[in-house]
Amino acid sequence: MLEFAKTPPKGWNSWDVYGASVTEEEVKRNADIMAEKLKVYGWDYVVVDIQWYEPGAESAAYRKFADLKMDEYSRVLPAENRFPSSADGAGFAPLAEYVHKLGLKFGIHILRGIPRQAVHGRMHIKGTDKTADQIAVNSICPWNSDMYGVDMSIPEGQLYYDSLMELYASWGVDFIKVDDIAYSTIYRDSHRKEIEGIRKAIDKTGREIVLSLSPGPARLQDGSFLQKNANMWRLTDDFWDEWELLYDMFDRCNYWSPFIRKGNWPDCDMLPLGHIGIRSGERGKADRMTCFTKPEQKTMITLWSIFQSPLMYGGELADLDAWTLSLLTNTEVNEMHRTLEGQRQEYRDDEWIVWSGENKESTYIAIFNVSDEKKEIPGKLTERYLRKDAKEIWSGKKVTEGTEEVENHGCVLYQMKRI
Amino acid sequence: MLEFAKTPPKGWNSWDVYGASVTEEEVKRNADIMAEKLKVYGWDYVVVDIQWYEPGAESAAYRKFADLKMDEYSRVLPAENRFPSSADGAGFAPLAEYVHKLGLKFGIHILRGIPRQAVHGRMHIKGTDKTADQIAVNSICPWNSDMYGVDMSIPEGQLYYDSLMELYASWGVDFIKVDDIAYSTIYRDSHRKEIEGIRKAIDKTGREIVLSLSPGPARLQDGSFLQKNANMWRLTDDFWDEWELLYDMFDRCNYWSPFIRKGNWPDCDMLPLGHIGIRSGERGKADRMTCFTKPEQKTMITLWSIFQSPLMYGGELADLDAWTLSLLTNTEVNEMHRTLEGQRQEYRDDEWIVWSGENKESTYIAIFNVSDEKKEIPGKLTERYLRKDAKEIWSGKKVTEGTEEVENHGCVLYQMKRI
Amino acid sequence: MLEFAKTPPKGWNSWDVYGASVTEEEVKRNADIMAEKLKVYGWDYVVVDIQWYEPGAESAAYRKFADLKMDEYSRVLPAENRFPSSADGAGFAPLAEYVHKLGLKFGIHILRGIPRQAVHGRMHIKGTDKTADQIAVNSICPWNSDMYGVDMSIPEGQLYYDSLMELYASWGVDFIKVDDIAYSTIYRDSHRKEIEGIRKAIDKTGREIVLSLSPGPARLQDGSFLQKNANMWRLTDDFWDEWELLYDMFDRCNYWSPFIRKGNWPDCDMLPLGHIGIRSGERGKADRMTCFTKPEQKTMITLWSIFQSPLMYGGELADLDAWTLSLLTNTEVNEMHRTLEGQRQEYRDDEWIVWSGENKESTYIAIFNVSDEKKEIPGKLTERYLRKDAKEIWSGKKVTEGTEEVENHGCVLYQMKRI
Amino acid sequence: MLEFAKTPPKGWNSWDVYGASVTEEEVKRNADIMAEKLKVYGWDYVVVDIQWYEPGAESAAYRKFADLKMDEYSRVLPAENRFPSSADGAGFAPLAEYVHKLGLKFGIHILRGIPRQAVHGRMHIKGTDKTADQIAVNSICPWNSDMYGVDMSIPEGQLYYDSLMELYASWGVDFIKVDDIAYSTIYRDSHRKEIEGIRKAIDKTGREIVLSLSPGPARLQDGSFLQKNANMWRLTDDFWDEWELLYDMFDRCNYWSPFIRKGNWPDCDMLPLGHIGIRSGERGKADRMTCFTKPEQKTMITLWSIFQSPLMYGGELADLDAWTLSLLTNTEVNEMHRTLEGQRQEYRDDEWIVWSGENKESTYIAIFNVSDEKKEIPGKLTERYLRKDAKEIWSGKKVTEGTEEVENHGCVLYQMKRI
């Protein structure tokens, strides 16, 4: 059992807004704003997503067979043109220090494996005479050409991951998102041996580094394995601001709710809210305000919260508007997200989905209108799930004598104090 | 959440020894012996398996399109030639009373659906003018021709299941095993609408009837649904005394361990121990003592117990020998089975599997030798999982200074008191 | 190898217009018009589709567990209220005779198996003391509740199919479409033993009854088996007037083209042209003129013809308009359809698909515009596939110096005389 | 339609005996013997299998990320230490010439793609300024680390394959076996764009180079595509001397028989006969005489011949014994193999499989005993398939009055002259 991440992690991640190309300045700016506006609500992780070691990254697109910045031991280092403070072998230590000083935590993304460049260059591995080609295996990421998999059947494979985590711990990293590992569309499986190796390597550092595994969909039959080895794992492929993806998440949450435990937080992925896509351009979408309607945004936050998914804001924090801020800083929703237990889907038909959960003081009922029309909640649902004194959290209203309408794709979230 | 079956059910089931053909006399005999020898160890369910309504059943084979004993409302009744006390419309009430007087509980098996005979005879349904053909759907069990599925999209479908459960509750039934419902090899899915209908029908009776769903393999993505609706559900197709099936169960237990909760007991199926197959003959095997070796038997009981599977003895209790009895009546194993939490697979390679769990007083470690040779437990496993003062439950021995050998397909089960 | 159906069968089928409910009068009317307008172009089969033995059939919907008209030997007979001439045990003999007198051929549809009604009524089978329940197996059609499968592992199973085919041959049936046999969505396979049994039963009659198997999609790995046993088999589930289904057919034709041989005609299904859906209502569509655009209709006829699919007109012939008639009676298309060899897909991209084939005198090139816009054929295609003297069959025009535009979803069909 | 390889190719391939490590001397020796003993029976291809460009190859095992011998244009060249005549840029021209002088034909194996070494070294491509990394894609062979796939969406991808085939044609290559292309276990598909590119590149050379695609199992839905593009394609993964693999081939032959045409020869793979495994060691087997029994060898040759599979001898020809020679040089079997038409599986049960085929003069019937016991052919099979005057080809005997026994896993092959 994992002894940290006792509540679901919350923070900011660079992917939805900058793709593979975020810079030090942008990271700092978002950290500053998080410290100012969100920290007090429990948001504290600042995560630099994929390819911070790729000097030529300009968007969410990867350059095939790009030259990566590495140290002598086949370990990627921050691209100095993008992260100037990393020069002279400093790595991410200065940036981590900056973030820590704000009272926040610092996270990075890595891809499973060892750079192909190191393999074909027969480069060194720390602590062994074996070279990169000798510890690599012919196993690739289907959507990125940076890495080969690592041979975990020989001790030098573990040594490589140990050397990686040692380096990251020395930088002060608090969170690692490992990609191309929780599921692979070509191998149709997770890479379990490498997950175990990374778990061990983190444990050896003695640092409470949160381990987040991507991409999804993780497989349910890996659930108990993931509970032992990781703090977070993805339920789906990348999530974006499209209703179909949000609607699909209800199924995934239903499947995965029995796996939620302190230290284990099945992950619905980043929140594509506010100003996103500035240099991302994934799924054919450019720089934009989120395409989700306001009711959809509330539905997303409500579902993620009652499911206790990690919450990673995906937009540029410098452009955070009042509405979006209100979604992230609702005290009662944040409290529920932090303390819930026993959450589950209670009901589902083609129009309505009901979730419940409880903490020591309250029972919570979320009612989602997944139809395409504004509708009144059916009497049979209010009768079955709501008490007269139930309070709707987002609006602050009590259940009235009369009826309640819910926007299409929207929701209501009720709290009922335990009697 | 289900408010009963707070510990995993234990008892006897007629299938492994009598197939579809058990008689009243045989049920009573097994109940008598359970009361005498096993009740004090927590074994208390006496379950009559499939086709007690089929006068011509002689083995585990089903007669195609057989005439079934039914009442005027399309509900199957016990075959009087096999269950004499059921005559004159008494149903299983007299037998249930007999079992209850012994301080035990009474269970029955049913197949999802409504008799085809009732459908083609256009028979009545209690509480409606609709006839059986009008509430049936063209949905069958792939391995038995007794029933059609029930149309849950009309109220009369629920009415039929209500009338069934009302009848069974009136008989004093405490446990219902519903078959052809948790998974179907032809529909490649569970029959969720009918599961929900049966759940509602049981709730309406107000009786704490344990609901057990068959056959397996239930699908992991139905796990949260099953937690809401049933007390037990099967992880595999029928389990028999073959090492391959036992070996496979380790995987299934690993997948399903996150779903274990009070009231929810994923089910490894009956224990084919002692004298079995008297009139069963499944999988080409006849009347026999279990084909499992003694180490395999201990492995089975240990795995089922640390996983908190329901425990349903499958053999003829009249022929219970001292060895088999010892497997069922170990006080510490029974205590672990009743009180465990957080059980999980800790380790697995081609030779060894380690499970752990804990209750308020102790931590338990089971180490299974799944190789085909007797072997010493590797030092790395004892070092990682066992304290010096660990006590092996089956033998009563402490971890010695020296080495410990485990039989092929056998196991050891250690208890370590919390410090 | 099958020694008849040396060219792909052509005719009319009642399904697309009358569902399961066609009457004798309607069959005769369509036969009359076929004789008058189409026979000279090679159209000669008149086929009565499903459930002619169901007195209560009113549309394409099946009544669950309906009472069927049968003879004493568990064989279905025409419903007399719908087919008056079948009274007094005459069966379809009078209607077949009527059709034969017009110089046409008569066909019927049957479902794999033996009536459930006969099974539960334990009715007789011709030529044996075994009753229907003894030769039936617990195998059903997923979408219709009339029949059970037949046990081909006992001689009486063959005897039943022999008795069926003997009866149909005695009526003068020339074509039998057997349904629920080429593929089953629940068994995910074809019912090969019953296919072989029907093949043998037909051969025993000595009558050249064309055997057509449904539904699709037949599986490619059954291809060689089907070549031995049937004249036609379906490539897809039911085909209707929707572009997506037509577009999908290009793939299926590509996969199946190597299986086309004299006597073996992989089947693209009926032509939903002209006035259809009068009492069908399948896929939520009612009485209508075909929803296909004119270019789509030409594409359908052209693809079916160059693939040498059987051609079964699906509309009401009484309402045949000049345009539709022109599609069915183009002499050169009909000639190509009758005599082609070696047809194959030559080219495919997202916008264009090219098929070719040849007979002794000509090479044919069909160019389909599968994009959603009217477009000029790319130069690279005309250069590669068309000679200067190529003649477009539908328009009668030669390849001109200039360019040729093709409607969206439309096509051109070129003939080039062998030099 | 392919205008060459009008009969199924026959020859020798180095894989089964030398794995990836064959040398020039060994190739010449086998060519010499083929010319001497087999050429007159139609055996004429001499094929150098995989990794002739790998200086360090020693067996059937591949060295991960090995340095390959290449020319300046990223094209692999023979390893000079293994093929001395290839020195000074001669490539395989001298060896091809040697083989041609014997009256034989010369073939080579290549892997789909472009060397990874060239990609990471950003090497040149003939005829373009683009470098290897620019025309490669992140697509790999799952079992060998030599190559990346080629980007066929840009003209330079075709240019690379053109340059390859131009080089091979200039050497005098008559046969190319392209691997990692007909099916990939990770992409679960064939690489059709690259197949088409290679087809075009070969056509451009103007040389009649037979194109053989590996590995299997090719998918049936690619069948018509493969007929257009290749002369041979594999039905299964690598075939070795194990009855299970031979037994499985009956299914594959049944599925693929409709695809056999002049120029298109679905490929059952090499014949692991005689002395094999000298430096192969695949599937845990070392240097050995074939593990097939004599009846199994006859079954293999008979099935491959009646199916018209290409025949590629896999053993060391220097060690060819009289028995094995007799299998390869039976005049009537060779004649049948060369001229057959319409072959198909006629019958199959758990013990017997019957195939038939015909040429202008004879009908052939092969009867295989696939059971594990020597057995007499059932009367119903001889009655159905054999005339009185049928001659068994291998033994030369006529069908006698009495009975005929067939060895377990053995066969008989009858010829009946057309009357």
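Order of writing sets the labels: A, B, C and D. Residues in every chain begin at 1.
Assume contacts are C-beta pairs under 8 Å (C-beta built on N, C-alpha and C of every residue); 3 or more make two chains touch, one makes a residue touch a chain.
Predicted model, so just to flag it, every value in this text is computed and none were measured.
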item	value
Contacts common to subunit C and subunit D (chain labels)	none
Touching both subunit A and subunit B (chains)	none
Rounded Å distance, subunit A centre to subunit D centre (Cα mean)	50
Whole-Å gap separating subunit B and subunit D, where each centre is the average of the chain's CA atoms	54
For subunit B, residues that touch 2 or more chains besides their own	none
Touch list for subunit D against partner subunit C, complex	1, 220-221, 223-225, 227-228, 254-255, 257-259, 342, 344-346
In the complex, subunit C residues that touch subunit B	64-65, 116-117, 119-121, 133-134, 136-138, 140-145, 186-187
